[in-house]
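Should a chain be cited, it is by its letter among A, B, C, D, E and F, assigned in written order, with residues numbered from 1 in that chain.
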């Protein structure tokens, strides 16, 4: 029933390619099917002004899409003079998600910025970005550990990964691609930790409102998928 | 236990003052305790470019805060040259929430813009805004009905109202005020229709991740509160 | 002759509602008829960079209009990316008017920002704003006096109030409302102190140039009106 | 008593150099002493959107200062991303002043933009700009008359010129230069027509408020000065 | 002598990966050593306003760098609100270079935008971008040819490729990498066609001025390198 | 053959008027025929942040065109909110050209900003600007020498001047004016020192690519012209 022929609870092929950037302290090219996001983690030895001398660090994220990552070419945000509402919303979400599993005092007064740039989009860019950003962040911390700056396991408290689930053609399905996303009745993004805690849930009825029961089904699919994603993260960084 | 002395499932005093604007086709000053939001609905006889000649209308929202609606004065967004990420996120949410209960073809090729301006803030401005915006929208449609432009009940399919619930001091509570909001472990906004359908749910762990069980508790509180809000809307427009 | 039926030298009903903001150190909702402006005074314990270590304070103002404060909805300045020329002109005028009656060294190295936000507009928003801003400023200083930071009477040297007068249908009239303003031949704003000193006068011929004699008539009306406004301010803060 | 040794009612040396631009339809380099403003009038065969198909034309102005026209180098407005409040205020004033003496329907559906760029500043740039802009506008209309597009005397109803007067060291003086302007107690700009009508008056107390009597003295000085300026305009275009 | 151990006239390893974008009509990931640029060509069935109804098409380019494509993270241009001078300079150069080999009337009233996004930078990003953009443009035209819209060989008159040469440590060398670029005495970019015509030459003395003889040496190196690049382009699209 | 009747190797009349600004430390109105550029050099006793405490100074340039310096009125960059790509490109070029002949450590920790504002344009504004900017810079340094701040000959190592040459109607010609520039096949700007060193060369094929031989012809013309310009600079500052 799904355009891609996938089963309702089947994710797309997921892969992580680590160390793709010569310059970044940590980097990962994450693929959820045809959605490809390049995540780079950059370390700076200073925190934003409002955190100075507070003894703790900061993790933040920025998000962008290459102009032709999409079916139709989008206007480059640098030429329109500002980041749009969707971009700001997504990068705030990625930042919150990462901070949920980071011990900021253990990081020390440093900032890590994870840039998530969508090279190719086919739905689910924000969930792929969060999942890949965790790898980039992990590798940045490992780079720091090799220089005796931090202990990875003290700073990074848990895994974090994300997936979108939705009601498509009346059925709850996992990991919407673009075709599904653009006609789904309900679209919900779930961000969860490796131990199953919920970090963020955003569910939106695109057409008809949804029911608590449907939300429960989506949550069930999301838990299973994120469980798998965390397992993939684990083997990626092993 | 709550700073305000409220019970866990108790909302703040809610009121709607209709017709507060001499100029707007519909308007409402909504109060959730000390959170006061002025909602005005403005009718235009044209739709955005991408909807022209499509035979259907559009409902959108804008959100703003007066600089001293908050405890510390905030910078005026007009002077910083752009709306911030939080503002864009909220006004997109209000717009989606209203459109969930509007039959856009029945509106005809017209746009209604609901401006939600926070006069005074004490937490929950977005949920108060959605709840009051529905009244302003309703009254704008009524103004149109009086001019034989539309039938209210054909355009406005249902009520929509919103509330924030959260985990505060380990307990699920309804309608967070600023004091609670700033130290809540989890904060979730629920937007629901008069018939109990879920339009939007946004839950965020501020500190520790939350569990599915906690989400269920928050959902239960939200359903009861929104039920009450819808009843108040009904008597307000009766 | 006047659309409102007022006499040539008759102001609209004027009222001041103090303490309307839970957060601001001073606040006032001023009404000149259907023109309603919310004025809040915010205290900051620091001055702009160019005044630092100079031993004196600063008073400034910002002005804004809610999008549907007017007959047709105006574009929100935060979305157009900047404050327009009219806005900048008005907020500079309000700031100068307030500073004319403040002893900046007696204020100490602090800044008070008075935000004047037009909730509903019916002509004369800038003159109402100045008149109400004085109350908000007064109450902010009183708040400071209660905390032994300043003496009100040492900082605030005098009252300041403003009114617009104009030539409408060939006659000099006081306190133009929107209908009059939009067809007046000449429009002049007067800002004066409680002791009758002129702080600012701005007269503009909208159609035909005006004569020195007409200017004299407008000045006469303005003096009388401002005298009344100052009396109202006095009873308001008594 | 005046830093320049001028008498209280003495203007600086005033000169108009016409036709200084190879490209503009009308142009004038106006000098009020060391204040030099280049005024160019540019004709376009179309009006702003809000005037289209209304059968009348438009005259507008823009104002700018070269970065080192002033004692200290100012930041170039093109690099700060917007025109400041003072610039907007001045260019609105110049436009209003010119339109006060133009018959817009007689101009036809065309726009004339007068750019006033300050090459060197020594106080009084806005009044010099208005006075010189009238010459540039006149010459643009003459250029049009030579091409049988309009009759100058039907479009240009009168002269318009401007001067600043102020209270300096306790005395009313004409045509403030920078030294006087920066320490004047009161500064007032007068814009008047060739027949003595007042187009605009803007008086500001920089320190102490001023009296009606002082305003009368300034007005007297301004009338005499503008009378002279109009005579100079007449011989310039003769 | 070169940090990379290359001979003076030796380019870095160059490769073209075609068809890397699922969405773009033409795309190429070009690598000059560690400099990696993703070029996508996007077809639109309309031209910029100033070309409408002129019967000819347009080819333009945009350029960007991912924030961590460089050794230190750069600020994202979308957050700083505008494209910097260097970016604008480079994208104008790429556009001119491509148009030099395109028959715009043969393209018809369509626009092709080639986005060149630097994934990883190690010097020479603009020359790599031009060289790869030609491939993306070629493939876009081929896509159009397959749909009978154009003939590739009628629109694309020639190859175009580019290389930077410079004086490093006193010697003329080919294809500067970042280490060389940052300490080169002279840096010159050459853009040439497949038949050896010069499209653009930009030579800059970073320290001491250079001589005509040195320019001749750089030109000689550039001709040889561009000859090789064109041969590589030919085999890539064969 | 040339529209102006000039010989192929003939420059337009060139003149330098020094000391045209009352305020600037150095200034020059340079004319290349009908191209007039006002250059002012402004001294500041501080350097940009990235140079602080480095013991050396900085020379930079800004470029602008008055709106009606051109045949058709151009939009003022201050109103469009940013400097365009061409402006940024030119001012970067002027800055680099001047720095090529300045000993920055000998200048001390100070910045000189040379503003080049085009009063009237007829082609070659950037080359006139560079040539005139050298005079303004020289005079600024002389002003400093008179105050014992620097020695001119230690800071200013050489002359720098510029000219554009191009292929017009098949022939290599010197100093293109607007008519030639707009139809030239090739346009090249040369910046050279008084001792014949090349500081910058920018050659662009507007239509057909050009050959190495043609580049040699343009170089020959440029050397002769710049030789003359330097001689004129010498007599101007003698």
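Here is the rule we use: a contact is a pair of C-beta atoms (placed from the backbone, for glycine too) under 8 Å apart; a residue touches a chain by one contact, two chains touch by 3 or more.
This one's a predicted model, so the numbers in the text were calculated from it and none came from an experiment.
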item	value
Smallest count of steps, each to a touching chain, taking chain A to chain F	2
Partner chains that chain C and chain E have in common	none
Chain whose mean Cα position lies farthest from chain D	A
Greatest separation from chain B - chain, by CA centre	F
Interface numbering overlap (same over half, different under half) for chain A and chain E	same
Rounded Å distance between chain B and chain F, as computed from the means of their C-alpha atoms	59
Centre distance in Å when chain C and chain F are each reduced to the mean of their C-alpha atoms	51
Per-residue multi-chain contacts in chain A, two or more chains	81-82
Ring of chains, enumerated from chain A in the sense that reaches chain B first	A, B, C, D, F, E
Residues of chain D that touch chain C when the two form their complex	82, 84-85, 88-89, 91-92, 96, 100, 188, 192-193, 195-205, 208-212, 215, 219
Chain E partner contacts - residues on chain A that touch it in the complex	21-24, 27, 34, 38, 40, 42, 44, 62, 64, 66-71, 73, 76-79, 81-83, 87, 113, 115, 117, 119-120, 122
